[in-house]
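Naming follows writing order (A, B, C and D), and every chain is counted from residue 1.
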Amino acid sequence: MIKVGIVGGTGYTGVELLRLLSAHPSVELVAITSRKEDGLPVAEMFPSLRGHVSLAFSSPEKAKLSECDVVFFATPHGVAMAQARELLAAGVRVIDLAADFRLKDPATFEKWYGMQHGCQDLLEEAVYGLPEVNRVAIKSARLIGLPGCYPTSMQLGYAPLLAQGHPLVNETALIADCKSGVSGAGRKAEISTLLSEASDNFKAYSVKGHRHLPETVQGLEAISGRKAALTFVPHLVPMIRGIHSTLYATILPEARTVDFQALYENHYRNERFVDVLPPGSHPETRSVRASNMLRIAVHRPENGDLLVILVVEDNLVKGAAGQGVQCMNIMFGLDEAEGLSAVPVMP
Amino acid sequence: MIKVGIVGGTGYTGVELLRLLSAHPSVELVAITSRKEDGLPVAEMFPSLRGHVSLAFSSPEKAKLSECDVVFFATPHGVAMAQARELLAAGVRVIDLAADFRLKDPATFEKWYGMQHGCQDLLEEAVYGLPEVNRVAIKSARLIGLPGCYPTSMQLGYAPLLAQGHPLVNETALIADCKSGVSGAGRKAEISTLLSEASDNFKAYSVKGHRHLPETVQGLEAISGRKAALTFVPHLVPMIRGIHSTLYATILPEARTVDFQALYENHYRNERFVDVLPPGSHPETRSVRASNMLRIAVHRPENGDLLVILVVEDNLVKGAAGQGVQCMNIMFGLDEAEGLSAVPVMP
Amino acid sequence: MIKVGIVGGTGYTGVELLRLLSAHPSVELVAITSRKEDGLPVAEMFPSLRGHVSLAFSSPEKAKLSECDVVFFATPHGVAMAQARELLAAGVRVIDLAADFRLKDPATFEKWYGMQHGCQDLLEEAVYGLPEVNRVAIKSARLIGLPGCYPTSMQLGYAPLLAQGHPLVNETALIADCKSGVSGAGRKAEISTLLSEASDNFKAYSVKGHRHLPETVQGLEAISGRKAALTFVPHLVPMIRGIHSTLYATILPEARTVDFQALYENHYRNERFVDVLPPGSHPETRSVRASNMLRIAVHRPENGDLLVILVVEDNLVKGAAGQGVQCMNIMFGLDEAEGLSAVPVMP
Amino acid sequence: MIKVGIVGGTGYTGVELLRLLSAHPSVELVAITSRKEDGLPVAEMFPSLRGHVSLAFSSPEKAKLSECDVVFFATPHGVAMAQARELLAAGVRVIDLAADFRLKDPATFEKWYGMQHGCQDLLEEAVYGLPEVNRVAIKSARLIGLPGCYPTSMQLGYAPLLAQGHPLVNETALIADCKSGVSGAGRKAEISTLLSEASDNFKAYSVKGHRHLPETVQGLEAISGRKAALTFVPHLVPMIRGIHSTLYATILPEARTVDFQALYENHYRNERFVDVLPPGSHPETRSVRASNMLRIAVHRPENGDLLVILVVEDNLVKGAAGQGVQCMNIMFGLDEAEGLSAVPVMP
């Protein structure tokens, strides 16, 4: 059994990790930390876990994280970078769900997250935890920076186009119009995500610039080996879970004869968690609800020069906790889908 | 024009007052206070008011409330009691949307609201602002304590039964199973009313005891002149506006032949804001959305001994701001429905 | 492996059976019928099942249901009664999710369902599929009539009170104020359950009389061995899944000293799918979302004479498909929780 | 008083017309037709109208529409074209909320709507009812084809860019990523818009081609006098009312120094129902809920070459019924805002 610790289990990605890991056949949950909730049984805060998780929150001091095989950080940005070094030194692998180890350039991190990066030497070692792009590196990684929820959908949506040896689309004029359920904002007391504010409502936000932009551009450039530029417009959808990314790309003249449906199907032929739908499909977020699956549909309206790629994922699973478990499975040599095969919940 | 001031306009009852009063033909909005938002144009916080409200929030000191004809308090409990005396002395009438002037017994107030009552002498003068029960007293009142949202629905739902010279139902074993939209919890940063927590979910709360219980019992006893006892179970509905109260009452043997449908229709025959539906109806909260109307249906399943009264209102209008405007209209000799005749918004 | 067939898989209970059974380790799904959708791969209608269910719908003629070990009917009322006899004769066990085999008295069935009962002789043999009440009979049953969604919550909510040798509450004046998500109305094209009609809205319905009333009364009387009478008021909640039943019962004078919390805890001590919460709890429907668990809280406001029992379940799982699988597990000697141990999905 | 008739009042645009017109000071509602509901009081179908509309539905034969000053068609496509000629001959003006008189080219109509156009000679006379573009023609029109809900938001969102004498953006590579509440699908019994299907879910639809595309292109070309081409991707949002259009346009090199914010503010300076928000704003659909207002924000991320225009409207008001009333006001020489000045309902 893999001994797993979780730092910061009171948010949505934390409780989702608990949901997945408590049912994972090869995992033993040994510690979950919360300084504020020290001593409180986890299932008292989250009654959905009654009968499944008997752990109590403990303060980090008591938690003996260094005896774990792997520790997940489901914490605000900045926490993992302060604790990773010590855990790694103790032989513990680290999977961070926050942004501390996503961006390779500390200056970019500091610009977008408004804090100094406290652990720059580890940035180079850290592996970006997107298995469909980075599987080999993940296998031997000690430290994983998991992708953000939006970046997962954008990178996996654009990857087949960008992974070719030569550009097929205008890679410096990409447009990603993304829509997320409200759980993406986290379990924080804020007026803007109250039901009375966010339900029966729709809006864009952060059009000026969102933290997931530099991460996604970095990822796209890593895939293509070429310069990429992206306009990213996130929107808030009155639902709990789910991301729907509508991705636009202008086909280059020399690529007009490419069969893009086949390109996508081939690219993801062997992936367990990426499902390319038949031509003409419109994926719905509920078709992946509570599952680690990501579904893609490829459209080319009126057979013109604009590709429209539709991508759906559950932001808390493939966009966070599930992807973390997928990485863990790879790191520990387990079947990549172990503990991740639940059927999406519909309706 | 009636000069109106609002103390505390950043919550839902405050912005609802602004929506109603900005369109009221006999009202001039002269001040709206918020210490924290001093100087901020109201329409900047609430873009729905752009083009309708040009006022800015001002700190209480600058607001010249004493030059108003009437001041509404849309504040947390405890604020109005601290400021009412001075305003009354300046000849300003006061309508409090909080609980400061609802309960006649200061000990009861202190027990349920956990604070000393700072203004006990005014309690006697204060008039309970439920027009369908208290219209005459409201007409000459200087100080109004507006009913809570749940108590409005419960009292108007039970009133026809209790207003008779002799009891028709067991008045000490009433059961009110009430359901409210989330806006009833106010515009406060709290985890429990986040969309991610409260949507796609249903629960009861405060079954042990809710502050609206003593207020309702006081009101029911005032209507009947007899002892009343009530079990009140509130529930949270994943919607923004609306209260649906399902009221149960056991018919006394001597009242088995009463025509309860006729009793209700007669009782409310002349009321502009209470609508008794035809027999067999099921009122929906959306049928009163954004309006001051309250609708009632009277059921007697299998012609047995249990009456089931269904009541719907918009908790922010008839349950708060609209009822305040209705009281104001009465106090200033206007048509009671002035500014309150909007058609409910459906769908 | 148990060979399972499903008749009528295009509704919500059908697709929920598919979700549960496709992940059940001891089940082989061999047929799913739909005359209208003959030949259509199931996963084409329900993309959430892509990768999990490879079956196509087939017309009943082709389906070879007689070779199954058990057949579930997820059909409108009246279908199972027409086909059960033949299947039973072929040695196939039958579990009906509709109402055909719930009511023992055919006259009652005919009154409430508006159709002749075509299979009265089997009514006597049919076992009511509520494991916590009827486990022994289920074990050897050939034919199961599964409880309705509301009746499951009401019966399990009242059972500890009624299962005693002498009455503790007034058993002929019970009140059940129940609230259901919209999926309870089924996957049918109807105006009243459109999102534009049912969301941001709340209403009662069928106050005059609902089909689940006679079923529940029959069940309560079977539990107590005494006469029971119930007022049942269902309401529609703007959410997809979940039932919350608020149950009222008047404590008899001789039972005033009973420790009701302990009574409930003892009664359900050994049940895997009934969870009695600690005193003072308010169960939320989301705490059981997509799981077979039912949670109960026991309240006695102000220590008075009225018990308030709060019950939540997922209407599609413990209220339908999950309970069916639970019965199947019992009938075939499997662990009762096999395939039913998923953690509820929260948020 | 203007005598108004409505053909087809049982859908959402019909009931919205009733909501607006019943409160319009210069309107007398004289007839509302529905063959199916002949004799049924309107307020019985729509209890929100109790006390506001006393009319009953009547069959078209009885309705004496020829005695009206103006008749609104809130009917499926194809109805108005069959009845308009006769009404016009009787001196009645006609405002069609469906698509019969939107497209100037009957071949285009036939291609997208799958029916012959029965009234081609009137197409030339028909005026496209978008006041901000077409006010003068509307003033003297006898026959109005009202824009669709999406086209209103797209045309008013792009108009300031396209209305200049020379192109500022690439007008043949426009992208409109639009999101609509479910009421846009109408009040029709369909599975796909059930609450259980459409809530807690998000999807694109009709990516291949949507009927509002040719209408919008026609409108954009009319504004610019130049060729336009547009990719239009509609999405379904789990809310009742509201459209949010996210419009993309690539700035031409010669227009890089244009102050687009000022351009928009100037263009709409005198419009009562178009509100250009301050720089950096993110309009929310709820800020226009139940009102005729349309709000726009202009973004240019990173001061690059891509403009992002955000537009919100209430699809049933500015996108349908409200725009119809606005046109009527213009046609009859009334204040353009008469009956349309309600404050949006928030929250």
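The working rule: contacts are C-beta pairs under 8 Å (C-beta built on N, C-alpha and C of every residue); 3 or more make two chains touch, one makes a residue touch a chain.
Note that this is a predicted model, so its numbers are computed, not measured.
Visitor: Between chain pairs B-D and A-D, which one is joined by a greater number of C-beta pairs in contact?
Guide: Of B-D and A-D, more C-beta pairs in contact link A-D.
Visitor: Starting from the Cα centroid of chain A, hunt down the chain whose centroid lies farthest away.
Guide: Farthest chain from chain A, going by C-alpha centroids: B.
Visitor: When the C-alpha atoms of chain B and chain D are each averaged to a single point, how far apart are the two points in Å?
Guide: Roughly 37 Å, centre to centre.
Visitor: How many angstrom between the C-alpha centroids of chain D and chain C?
Guide: Taking the average C-alpha coordinate of chain C and of chain D, the gap between them is 46 Å.
Visitor: Starting from the mean Cα coordinates of chain A and chain D, work out the distance between those two points in Å.
Guide: Whole-Å distance between the two chain centres: 39.
Visitor: Where in chain B do residues touch two or more of the other chains?
Guide: Residues 12, 181, 183, 187, 196-197, 199-200, 238-241, 283-284, 286, 289, 347 of chain B touch two or more partner chains.
Visitor: Per the contact definition, I'd like the list of chain B residues that touch chain C in the complex.
Guide: By the definition above, chain B touches chain C via 173, 175, 177, 179, 181, 196-197, 199-205, 207-209, 231, 233, 235, 237-242, 244, 246, 248, 250, 280, 282-286, 289, 299, 301-302, 304, 306, 308, 310, 312, 347.
Visitor: Which residues of chain B touch chain D in their complex?
Guide: It comes out as residues 12, 15, 19, 22-23, 46-52, 183, 187, 199-200, 240-241, 275, 277, 281, 283-284, 286-291, 293, 295, 341-347.
Visitor: Using the touch definition up top, name the residues of chain C that touch chain D in the complex.
Guide: So the residues of chain C in touch with chain D come to 12, 181-183, 185, 187-191, 193-200, 238-240.
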